[in-house]
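Note that subunit A is present in both complexes that follow, paired respectively with subunit B and with subunit C.
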Partner chain A sequence: MLRRLTTRLLWSVFTIWAVLTLTFAIFNWLPGDPARVLAGPQARPADVQVIRDQLGLDQPVTTQYARFLGRLLRFGGSAEQHPNAAFWGPVGLDLGESYLKRQPVVSLIGKALGPTLLVGILALAIQVALGVLFGVMAAYWKHTVFDWGAVLLTLLGISAPTFLTGLLLQHLFARTLGWFPLDGYGESQLEILRSAFLPSLTLGLYGAAFYTRLVRDEMLTLLQSDFVRTARAKGLSERQVVFKHTLRNALVPLVTVIGMNVGSLVGGAIVTERIFRWPGIGTLTVNAIFDRDGPVVVAVVLLFSVAVVVSNLLVDASYVALDPRVRR
Partner chain B sequence: MHRSAWQRFGSNRGAVIGALLVALLVLFALVGPWCVRFDPNLSDFVTGTDVDGSPVGPSAAHLLGVDNLLRDQLSRLAHGARISLAIGFVATLLSAGVGLLVGLVAGWTAERRHGWVDQGLMRLVDVGLSLPYLVLVMALGVALGDVTLTTLLAVLGLTSWFGTARVIRSKVIQLRSVEFIEAARALGQTELGIARRHLLPNVLSTLVVIATAHVAAMIIAESVLSYLQVGLPPPTATWGRMLQEGQSAIAERPLMVVAPGVMILLSVLGFNLLGEGLRDVLDPKHE
Partner chain C sequence: MCSTRSTSEGAGRPSVSPAAPSGTLARKPVHSAALAKPHKFPQGNSILRARLGCARGLQATLLCLLALTGCSRELAPPIGERRAGPPQRGGVFRTAFFTSVRTLDPAVGFTTTNAAVGGLLFDTLLTYDAEGELIPQLAERYQVSPDGLDYRFDLRRGVLMHDGSELSAEDVVRTFRRTLHPDTPSPASFYDRIEGFADYRGGKSTELGVRAEGKYRVHVRLSEPDSTFLHVLALQLVAPLCRSAGDRYTREAGNTACGAGPFKLARYEPDRTIELTRHEGYYVPGQPYLDAVHWQLLVQPFTQRYKLESGELDYVRELGRSDVTRLRADPRWAPLGEWSPPNTVFGSFMNTERPPFNDRHLRRAVAFAVNREHIAMIRPGQIVPQYKLVPDIVIPSEPGYPAQRHDLAQALEEMRLAGYPYDPATGEGGYPHPIDYLCLVDSFGQQVGELLQQQLAKIGLRLRLKLVGWPTYQALAGRRGGAVMGTTGWHPDFPEASNFFESTLTTGAIAEENSQNNAFFSNAELDQLMVRARGNPSGDERRALYRRAEAIVAEEAPWVMIHTQRYLEVSQPYVHGYRPHPILTQHVRGVWLDRSRKEQHACLVPGGARGCLAGALPASFGLHTRPRLGLRGPGAWRSR
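Then we have the complex of A and B:
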């Protein structure tokens, strides 16, 4: 068990390293010159050269890569010594400096992470709440008008791209009805929450459709199983049978799928944040890509792959916790 | 009573609706651009404006109205359909091909003499699945400047096979221990012969199901890239770009958003329904 866990962890670190290296390579070997973009189209060649020197873009890719890896993790030291690093106790993370904004990448990420997490968590809450609610109801009232309606809506929800849902929600609730701000972030906490609602709903509806189908299918299978018949035969109330016995078992696959969907939440964030001008990781990524701001792009990819790898590990751990048969 | 796959397909409502949607879409993409009366990239100053000079809504000449630049919407939709389908089919073909090959090799070598091959390939798949491919594709799009259909196809096809490879691998491992394969081996068939004659046909049904859903994913991916303005450059008509261009005019000309939006929705729905239908038909346990 312990050996398996260690191997898993080591492979996870390897995966993250490989993603990092690949991104670094792709971004540095691509045609195009970040210094050129930064200097602007009118800049004199000498000025472009100055920027190139400052950023160390003249050095071979391998040297840049070695420098990047060398400073990535700092042990000991302080924030004064390493202005680009963020410290947690003795360990510091240094992702370099943004070419364009001349700020530490870690602080740019730190600033954008909050808004993205807020929308991500709200979206997840909407997904799970709606998904479980409608899934259970559709399974319980199988082959009724409600079930058909739920199936049809979930099919549409799964097939609608997030930018279409987002634009329509924005048009309806912000532009026409005026219930929520059109886009942007907000100053007070209440304003921020109100602005977060539409992006969260956009991301949430897609996942809700997905989870509704999952819970419905799982419940339908389980409701026919022997242990449910036994529970009914024992004279348990319908409520106990459905919620306590069936739903709890139906939630096991849900946890897996939630874990696997972390990646799609991040992908969806790029589009959703674009529509609602939300100052999160997605917006940071898109701007960095257009500005050819290499350090920021590499950092975002690193963040993404860590999120995916960690959630995969958590999914595996949850198997062990939820399903005793896996414990060997 | 045993029913043939065709009969099961015919009685699967979702599959039939999906197949119908896909057929209509293919027809629209093939025939549509010939039937429309306007060039998708030319502004129509004659019948494209209202009395006050603004772009017309739906009219006899322009069934779906014109866009901000007075270009016929229906014509742009039809040309966009070609691009969406071309990308959907070709990128899927690429991705399914690579995924099938990697999955077969990995599954066949897993926990055997050449187990390291499987280990290596699966680590590669792990890495691939942890890559935010939208970010990578965008970065490639920006760096390459002018994105062409070929680069888009290559990038989308070659970054999306990882999931397929993983599923095919587990299918192969599952099939390996099935009796008829054991029987073939006992009869002295070569490993390669078994793989070709017995394994491949059985894996193909799984592949068809994955590939059908993959077409939908590729159509969405293309439209997302176009929407983010890193897809095919203007004036090429793609659904994603039409939507992006219509965004600012949604209040005055909602059709500019709704028309391409509905096209994307219906195509994705069609391929999703067809894929699920095929899964039910080809794998009766799922029904």
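Then we have the complex of A and C:
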């Protein structure tokens, strides 16, 4: 078990390094000059060159890469010595300085992470809650209006792009009904929660549609299985049959998919945050990509890859809890 | 029309739907009646009723959603009506930007959004009046020596900076040195004719030709005469800053702003909001009228329209095309919109170093073939056909002024002269290879590119659109040997014709990378004209030189000029004193609000009373910071 865990961890580190290196290479290969973006479209070539020199972009890519890796983890030292680093005890993470914003990248990500996590968690909760609810209903009342309604809605939910869903929800709930703010973040906790609802719902509906189908199909299969028949034959109540025996087994693939979908949740957040002016990682990423702000893009990729790797590890761990056979 | 359609569709469904679901439903219990739902589920007609009830509920919900999302297309009316009266003091002016403001440091931020915000935070030595003419601002007066090399600026006395200190010549000198410092990532080369610039910028010397002569006089010594020098003093790059800004750029300075403008910074949250409050020590008596100006950042154009309707924003400029059309078509809103003067020129560059456009006849063929009137029809009102490089706002058109024109017959003749004759009747001939046309994806430039494809096909040129994002576009268009043809444009840094020619079409603007001269056009006569114009203090003589330069551009056609663009600037009726400025974007210094109308609106609309009350509640209640937002439904608009 320990050996298996160690192997998984080593693979995770390798995966993260590979993703980082690839991102660094691709981003440097892409046409586009952050110095030009920083200087502005009207700046003269001489001014752009001065900025290139200041940012170190005149150095070979290999030098820039070595510099990036060399400073990524700092052992010892303090925030005063390394102003771009965030320290946890003796270990510091230094992702450099944003070309455009001229601020430490760790600080930019730190500010954007909270709002993204809030929306992400709410969206995940909506996805799972709606997905499980509608999936169970659709399977239990198969070939009824619930089932057809669920199938239709999931078809719409999966087919509609996130930005379209977002625009419709904004139009309906914010512009027309006025129940929620059109966009923005808010000041107080209440306002922040209200502001987070529509972006979360936008992200949540897409996933909910997906999960509904998954749970429905899984439940349909399981409801026909022998152990369910046995459970009913033993005289268990229908609630126990459905929720304790069937649903619990149906959740195993759901958990797997949730882990894999963390990446798509973040991908959706990029669009959704833009529509709702949500100051999260998505907004930061979009701006950084358009501005060719390499340090921010690489840092965001690092964050995402760590999130995906960790979520997959958690999924693996959750199997143990959900499926006793894995423990053997 | 929309509601009628929905109603009729909705009315039709119940008569059809019961039969279909019931038939299906009737089959279902047989399938797994014993196992799947044996115990508690209602039976017989009650099942059917329950299911039909659900079906109807679902239908009703869908219809409501359709009605609410699809049919509420009516614009909310403006808030109140515009009333004449003397300017009132007070109120918060709210507006928005689609983009963000990366820094508030005027030495570094050189975008239109920066210019709009900085226009309120920073005063400059010179500025532009409402007609776009240069006038003194912090400089009370200035003198230029006869040889055009020495400029002396006498500063206004008693000008208070935001930190309470009095503006002095030392502040001006320090700001110049800071902006031009080697460590400052600024577009400093605007000031390259200041004596000692090259060495100072290169870090080889500390000497710069900007000096204080006493407390209130600044002396600037140039190495060569420069007719654009007074214009570049109106740029915020050298707007005097407080002593706290230091003598060189630091990253912390991007989050603060301390100058001598009518407003000072109250709050800046990158990518979210900028809030300014009135600078009580401003040297113009009684001004500014507004208590504060708030910008929301990164607001989508359609959301800006929603917010304008609801009164959350008082003024917007970055509207989408459909919103522009709707606002102009609505008699209640139409009088509240005003077009900004078109000062940006858009067109297509043709790379004069690469085939096929190293042949001037082919370039001329393109210039003659483009039907600009046709292109302008994509966005009536917003897009104005343009035939010369310098827009009318800088040099007005007059009969006989050199310009390109649309002449299909002449275009075909130019194709023949280029050696690629084309017969429109048979479609035979023309240039045998497709030509890549570089343009921004999902932009108006892409639409123009698609129309150019059609128009140039008539003379035997086949364009192949190469759609890219902004950074890629900049890299490819600015790289020598990069793009053959593509969309281009120029927004003037200052209203002098040389800014258009020098920046885009002179040899000096060519570079291997990041070239501003995307056409890589090099013409000795044009270069010479610009040198002469820059050194010539006479406006009339410069205009004659520019006229000749325009003739060269029309004849050689490194660009085909296509259009200028106007923005519809719309404000609520209670906003007074705003007029789109010919040079400065969102120039709201003279704006005042009819506060009675605005506040009355906030308190009278349903939910607005909560908004008024909320102002008295502590922040933790989460209501008072956005009193009207989210507290009104559609009925509120109609009740006004």
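Brief remarks follow.
Throughout what follows, the second predicted complex is superposed on the first by the 320 of 328 C-alpha atoms of A that agree within 3 Å, B and C clash if a C-alpha of one lies under 4 Å from a C-alpha of the other, contacts with A are read in each partner's own complex, and residues count from 1 in each chain.
Please note the rule applied: a contact is a pair of C-beta atoms (placed from the backbone, for glycine too) under 8 Å apart; a residue touches a chain by one contact, two chains touch by 3 or more.
Worth saying up front: this structure is predicted, and the values here are computed from it rather than measured.
The superposed arrangement places subunit B and subunit C in clashing positions on subunit A.
In the superposed pair of complexes, A:T23 makes contact with subunit B only, with no contact to subunit C.
Of the two partner chains placed by the overlay, subunit B and subunit C both lie in contact with A:R274.
When the two structures are aligned on the shared chain, A:V50 is found in touch with subunit C, with no touch to subunit B.
When the shared chain is aligned, subunit B and subunit C each come close enough to touch A:R292. Once chain A of one complex is fitted onto chain A of the other, the partner contacts of A:V301 are limited to subunit B, with no touch recorded for subunit C. Taking subunit B and subunit C in turn and counting the residues of subunit A each one touches, the greater count comes from C.
In the superposition on chain A, contact is made by A:H143 with subunit C only, not with subunit B. In the superposed model, A:A39 lies in contact with subunit C only, and not with subunit B. Once the two complexes are overlaid on the shared chain, A:H171 sits against subunit B and subunit C alike. In the superposition on chain A, contact of A:E191 is made with subunit C only, not with subunit B. When both complexes are aligned on chain A by C-alpha atoms, subunit A residues 30-32, 167-168, 171, 175, 274, 290, 292 touch subunit B in the first and subunit C in the second. Interface residues of subunit A, counted against subunit B in their complex, comprise 11, 14-16, 18-19, 22-23, 26-27, 30-32, 155-156, 158-161, 163-164, 167-168, 171, 175, 263, 266-267, 270-271, 274, 285-286, 289-290, 292, 297, 300-301, 304-305, 308-309.
In the complex of the two chains, the subunit C residues touching subunit A come out as 21, 24-25, 27-28, 31-32, 35-40, 51, 54-55, 58, 65, 68-69, 72, 100, 102-103, 108, 110-111, 182-183, 185-189, 201, 251, 254, 269-272, 296-300, 302-303, 306-307, 310, 312, 468-472, 474-476, 478-479, 490-491, 493, 503, 509, 511, 513-516, 607, 619-622, 625-626, 629-634, 636.
Residues 30-51, 54, 97, 100-103, 140-146, 149, 167-168, 170-172, 174-191, 194, 223, 228-229, 232, 238, 274-275, 277, 279, 283-284, 287, 290-292 of subunit A touch subunit C in their complex. For subunit B in complex with subunit A, the residues that touch the partner chain are 123, 126-127, 129-132, 134-136, 138-140, 142-145, 216, 220, 223-224, 227-228, 230, 240, 243, 247, 250-251, 254, 257, 261, 264-266, 268-269, 272-273.
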